[in-house]
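The following pair of complexes shares a single chain, chain A, combined with chain B in the former and chain C in the latter.
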Partner chain A sequence: MAIKRDKKEEEDGGNPFQSLDKTSVLQDARTFNETPVEPRKCTPILTKILYLLNQGEQLGPAEATETFFAVTKLFQSNNTLLRRMVYLGIKELSLIAQDVIIVTSSLTKDMTGKEDLYRAAAIRALCSITDATMLQTIERYMKQAIVDRNPAVASAALVSSLHMSRIASDVVKRWVNEAQEAVNSDSIMVQYHALGLLFHIRKNDRLAVTKLVAKLTRMSLKSPFAVCMLIRIACKLLEEESSGEYADSPLFDFIEACLRHKSETVVYEAAAALVNLRHTTTRQITPAVSVLQLFCSSPKPALRFAAVRTLNKVAMTHPTAVTSCNIDLENLITDSNRSIATLAITTLLKTGAESAVDRLMKQIASFVSEISDEFKIVVVQAIRALCLKFPRKHGTLMTFLSAMLRDEGGLEYKASIADTLISLIEGNPEAKESGLAHLCEFIEDCEHTSLAVRILHLLGKEGPKTKQPSRYIRFIYNRVILENAVVRAAAVSALSQFGAQCPDLLENILVLLARCQMDTDDEVRDRATYYFSILQNQDRHLINNYIVEPPQVCVSSLEKALMLHLMETPEEVFDLSSVPLAPPPLSDEVQAAPTVVQEPLAALGRPAVSKEESASDRLRAIPELSWIQGPLFKSSDPISLTESETEYQVRVTKHVFKNHIVLQFDCTNTMSDQLLEKVRVQLEVSEGYQIVAEVPCQRLACSETSPTYIALQFPDAPNLTVTNFAATLRFVVKDCDPMTGIPNSDDGYEEDYMLEDVEVMLADQMQRLTKSNFGAAWEEGESYSELEDTYNLSGINSLEEAVRSVVSFMGMQPADRSDRVQPDKSSHTVYLGGMFRGGVEVLARAKLAMGNSPGVAMQLTVRSPNPDICELIISVVG
Partner chain B sequence: MSNFFNKLSNFFGIKKKSVKVIMIGLNNSGKSTIVSLLKNDSEKSPEIIPTIGLNVEHFKYQNVFFTAFDMSGQGRYRYLWERYYRNCDGIIFVVDSSDRLRLAVAKEELYLLLQHPDVAGRKLPILFLANKMDVREALSSVKIATAFGLDRIKDKPWHIFSTNALTGEGLQEGVEWLTEQLCQTVA
Partner chain C sequence: MDGLLLEPTLYTVKGMVILDNDGHRILAKYYDPSVFPTSKEQKGFEKNLFNKTHRANAEIIMLDGLTCVYKSNVDLFFYVMGSSHENELILMSVLQCLYDSISQILRKNVEKRTLLENLEIVMLAMDEICDGGIILEADPTSVVQGVALRTDDIPLGEQTVAQVLQSAKEQIKSAILK
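On to the complex of A and B.
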């Protein structure tokens, strides 16, 4: 079948490059070495090489270098077509080949020569072979090219400069005058590219950007693209102004005025910008929404698409504004462009009433098979939002989802459906059983290993808590028989959860696990053996700590800690509790919040290294701090100690170790006429704390950010640890020339600058610990010490708010999804798990109730093996 | 060169040819200046700066089209010359005759060239140009030939001329010699 089609394509003149072979093409490239060069022979060969490279064919450095040098011989020919292919070849090969600088002079000649056809392409090729040191030698030509009269040349130079600034930003910075001149160009392309470069050069200098924008907004740029860019820069500035007040801002006025621009592109850009700005009020976006509404009935599909996509995005943040476009959106439901129709329907779903759901779902069902995965995901996301909004509709929606799940579709699409089902199950107890049933059915025929593994994990977690756990066993065990090793291993783990939590099933599970011990795969056998021996033992404590709540250490940190242990203190017993915990999966509050379109969870790659790990490496590299014992327990997010637009800016990050806390102050100097030296922070430490090391920052030039550190030892008594330190920035100022940054004289004078207090909080010393079976853990905790107290949380007016503030104040992880408050309830209990620095477990139960008096009443019970920690928590809350 | 000459050679039936030569020699010896002089005036590049890598230039002498690979002579790029030895028909080796200090370096490079597998054993004509003859302390071509031990080159035709690339003096003779050689060797 496939062969037949190939033949047919050949007859039709299909892709002539289909069956190219790298070796023979590279062989052909030797022709380039022959004299005289025959362009008609060489051009097709070069095309083939480019084709192969673009298809992802890998060339080794030797192969690439040889080919590259063969290509350089083609400079002999003055055939313009061939020469332009040569530039493309150089650009592609320059990534792998060696000694590519060999063509520098040849390209410089073409770039400055008379042949206009060569010049722009030669610039781009030149920049692809140039490194930071070489750039200096071609600097003069680049500057000339930026202001060249030929727009293609100027644009090529500008865009190339932008690329070059990644490797040599200081050289490119010197071209700012040329870029400035190019902004005045008559060519719309040049003006746009010039603004791009200019912004890039200045982007770290807020003041300069503000000036640039102020100047350009008054100038009325010719290029609509440049205006669009200016709108984006203006938005960025507005967002950074923390006040969130747009009312009197000239930037805001500028964007609004762009709604009346003569170019549709600009009008759309301005409208999209206004509705997406974080703090716009509904009244402020009304004109923008009117514009989008108008676009909805434009004859141009691109405009309709842009408008409806934007409305779809803001449907959740500005529902009332979007509702005003409902009639126009209804008209788009039957748009012949299915992407537009999908977006229109899903927008209506987001803003519509419960009664409209069934009608709209039927509409979607009529064409869902015709749209691409990307838009199917949009549909799924709309359904997810609907489930949260109308919990009662879960039946209809779930049936729809499971039908979609059975259709064809890629991993990302399937994952987004499974994510939605999972969040439904977790969030809505009524939906649990039917949701699990849909998922069981799905894994019977699921080709995506990663999804099957996730679902098995979920079945292991939720299945044992359902009314009839036994019904899931068959589905899970089927996986052990039918699937690949990864899925089998996950199935074994899921089975063990049933064995651990359902005494009735234990006997059967042991039989199944015994069979799994014969598996051909090591991992599957290992897991089966591990679970079998723990379960057979029937020791509650072991089962709880090693199956239901397995240790949650961060694996890469564990590896580091073990290495360190072997190097430094191999004779001592390794202390597992000192290893940082794995960060809990993305918190549900963030996911579930019904905000704008959500990224499918599967697409969000988790960062490869945790915040702590990268910070730990950095701190270890500082000699004054490297002696601090134990792995880094927790790093806080940076907190600003200054107002946002002050001369000096300081942000503190708190790194907590077992017995020490390291304060990292990232200082930024925004004064272009000052060079700061010996920058340090002076702290007034409170009782029990002791400063053990200080690392000042020796030199801080304008627009630079550098850290200075202070390390403190924690007080022995935990209840002294939560406190405030007054802080002052101290430094020596040397006045300098704002242009060059060189100090006017060697003498400086001392200055200090008040900072806000540094707070050490409970949450800084606590890691979130996920307890998937809080009941069992709480029972275990009966042997710990326990303290209890009642508080009135004044100023808090809802249970949700109370939950949020307790969770963030304590820095602990809510268990069993107890951070979700059922609507219309007047009381709620949150269960929290955490680990205090030093590896001490902490469990907490907070009973919250709305009383008659204002505020929320809370009864807090804390259990921990260390009574001092119970006391600390009870005393700092409130 | 002169139109008359071209007509004359056509008349005598000399075939139209293209040849490829590689120009090497230490940096600052005047290679790029020489090529630019050999090119037609209209194409001449406005200024000459140290070459990075190579420049490919074309010029015509009598009825022969020359493609010249003008290489960079800087130390850190010299190892790249050899990449262009294989397919060339002739070599122009330029020496700064006033740079006595680096004469030994130039000699060293010459011997590396002669030993290179793509050069050794081939009957490649080598034109030596003892450039910058106008400078007062310049050595004569004879002195340079002796210093280089050119007599020892037996398997290749060679010749040395004193030149001044600023005026063009001596160039004509040199290129004429090379053209003759190339007409004999290149079929």
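On to the complex of A and C.
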């Protein structure tokens, strides 16, 4: 019995602060008001208050103020410990309590007093209650304190000054001489703090910082922290020198010399700095890498961690430099610290050979469940890079990823795995079937709606093209039965894709869709009904245009167009082709994977304002141009018509409408002594074009940018539209005072300035159009007119380059990922889809082959309902 | 490679935390308002941190974008956090200083009970080590000198003989153990 009680007492007594209650503790704080103050009673109470605050207890302003004033009473006691706790209390309460400046005089007295134990802490407490105006009244004391002989006092003053510079930087700036003196202090911490403050004050004055660094690198600081700081400053200076040449820089020599410092902290800092500098060559970082290699076998986990983390970064920029450390990294794979092991493995994956992959994957699998999500994502990214590097290893990697997918983890982690799998599927036809199977399995038990929707969309896109589409139906239909409405709707859409593309499954799909029409959710029912009626019709044209290739209009423009239609001409039939197309997301090779997967549902949710739309609104606001018919079809990216460092800079943006083109010239005046007026661009238009409107810019002061516009009507014959215009900038110059910008006189003189030619290209008039099933669309285009020609693309030496230039020249969207060239092939076919201005569909097929002769041979076939457009394309290519 | 070079600043430490062996907070300080601004986020982080670290005695971990170095003894866990690009060794020296100072203050009895009995001195010590994220002192001896030790409160003349003997004994012991 007695033992039991003892045990219980021990548990209760284990933490005297366990069951503290805010109200009762604040009640106890009234003891502070008693005179004389009893330190033995008050100290524990104050400790309790601080403990409660530290536990996250919130005090209201009234409570805090009351407590604060009670605490100030404790200044009457001269007990050292109590006084020090009072300072802590002041610092904590000053954030919430009011009228805290009341203790300024007490603190100032302690700060200038004789008791060293008080002075440093009093300075820090004082600065926590001081504002910018009050700071000036204690400025004198602060200056003295910075150069005080007691290091604790000097450090406290320097650190507090740095805190204060956030609210009163101009006051603190005046203390630069004192800080300068403090850098020479014997105390290592004072040195460090003084350097920090000096740099902070002068960081915008490059010359002063350079001088400071030059001086300090010579005098060899004693504090390792200060040397680390100095290395960072030196790096910053090196980085700002844009020359990118470090070889002769004394700063670089200094950092390199730090690799031989006696403190490990400094050695590591220097090594990390060398590695992270942007322009270091592999040879320059070799000494740093050898130092890191040594650290890899250190008994201290933190040092090993630091070394591997840095080597991991090096592996991205200078993989060859890290190969020499491979043996050391191998040893770290079995490190008891999982973070170190993971970093070691991912580094090895980046630098290692194909043969090592299997072994490394097995190693990671053994502890992947023990590491944090962040590291798992690092691993996934490394695997993704591997997939691109060694496509043959997809089997091992994919199995590993699917195992990871089944583990516990957050959305971000799961999404990164799904992204990797999707990019694998898209990039590697061999991996498609097994990848889809893994994803199917994953959605069976996926709690993240957004991921499930993405995967269902992918299944709908890729599933019908596999050898055995029927096996996916079950997985998809299971979603319809088991999931929430959003996922059900996505599943219905995916099902319809199978119905549209696999005729032998159509019957069954219709049955399933009919069942979905009974769903409880509107969206699901609507979709089911929509797809059901189209599929039942069995009209290939309808199916192709409304299921396989749904209309790709820009949703926010569609909304606007419909509103306009209802207001103006509700009795007429709405013309969908007048709505601008939504441009397919730009995909560039490596990052293609995650972005290519569009989320049809999510896209509806966020109305993205496209480049065209904002430009369209701007053009509509200009009275001279507002009459132009039709919506804006396409806006090009701005192209510079001048060199980048000339006195006047002009950039042109081409806005294409159905029958017109508006050229927007953004002119910039960089001459500080000139005011430009009546700025306009004179064009020498080629045959067929007609200038219909011109909007000059009336006034252009220095460093201003302002647009001038020219509207042209396209020629009727499309083959005249691709051409060049010679352009000249014309304006009236008035000399003016560079300071004020006011012209010296009212008289100006005319001046002109040659610009580069403005080109109107095929790509300007073409909108990219995604064809997710190019084969079907191409077959349907048999009724269109067709033209074919062969070309020799000279000056292009690889298929990839040829594909890139064809795609960008035509301004069309490659379908079925045909822009990705399989390596080691000598021929390749690109399928392109596009929409010519005016809403005319264009399809193109380009067969490319590398021959014996230099250059790439191309056979281009173009199909379009309008024969003139075919002719135009055939004629301008080449 | 952008942003990997460290901005030269004295603000190195993002936080210091002492937890008990159930993962409950004994003392915690967070110095960067952009890192875990609310008490709820802080507690969530501490829970996560404790779960990841209480079994493996591995000294360093990366969590929620922070590099955390840690050390445990009997029923206490000491943590120091810094940005994920921070020099880990600097953080380690702060942790070492925190631990050694507390060890000296508690006369080598680094456990929850003694720590709570001397909580006010530990608070002062943490305040001496780091001020608003800037490392103020990294030498444990200076830290301990900087905080007023309890026995110093009583002038030597007023201490009992036993007290004097006790403190002398402890000082000799610690000198030998060093």
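The rule is short, and it goes like this: the second predicted complex is superposed on the first by the 485 of 878 C-alpha atoms of A that agree within 3 Å, B and C clash if a C-alpha of one lies under 4 Å from a C-alpha of the other, contacts with A are read in each partner's own complex, and residues count from 1 in each chain.
The rule is short, and it goes like this: a residue touches a chain if its C-beta (ideal position, glycine included) is under 8 Å from a C-beta of that chain, and two chains touch if they have at least 3 such contacts.
Remember, predicted model here, so these are calculated numbers, not experimental data.
In the superposition on chain A, A:Arg620 makes contact with neither chain B nor chain C.
Of the two partner chains placed by superposition, only chain B is touched by A:Thr35; chain C is not.
In the superposed pair of complexes, A:Lys847 makes contact with neither chain B nor chain C. Contacts of A:Thr43 after superposition on the shared chain: chain C is touched, whereas chain B is not.
More chain A residues lie in contact with C than with the other chain of the pair chain B and chain C.
In the superposition on chain A, no contact is made by A:His565 with either chain B or chain C. On the chain A side of its complex with chain B, the touching residues are 33-36, 69, 72-73, 75-76, 78, 99, 101-106, 108-109, 134, 137.
By the touch rule above, chain C contacts chain A in their complex via residues 1, 4-10, 25, 27-29, 39-40, 42-43, 52, 56, 58-65, 69, 87-93, 112-113, 116-117, 119-121, 123-124, 127, 131-132, 134-139, 142, 146-148, 150, 152-153. Against chain C, the residues of chain A that register as touching in their complex are 14-17, 39, 43-44, 46-47, 50-51, 54-56, 58, 79-81, 84-85, 88, 91, 117, 120-121, 124, 152, 155-156, 159-160, 162-163, 189, 192-193, 196-197, 199-200, 203, 225, 228-229, 232-233, 235-236, 239, 264-265, 268-269, 272-273, 276-278, 300-303, 305-306, 309, 313, 317, 336-340, 370, 372, 374-375.
Of all residues in chain B, those touching chain A in their complex are 18-20, 45, 51-56, 58, 67, 72, 77, 80, 83-84, 86-87, 89.
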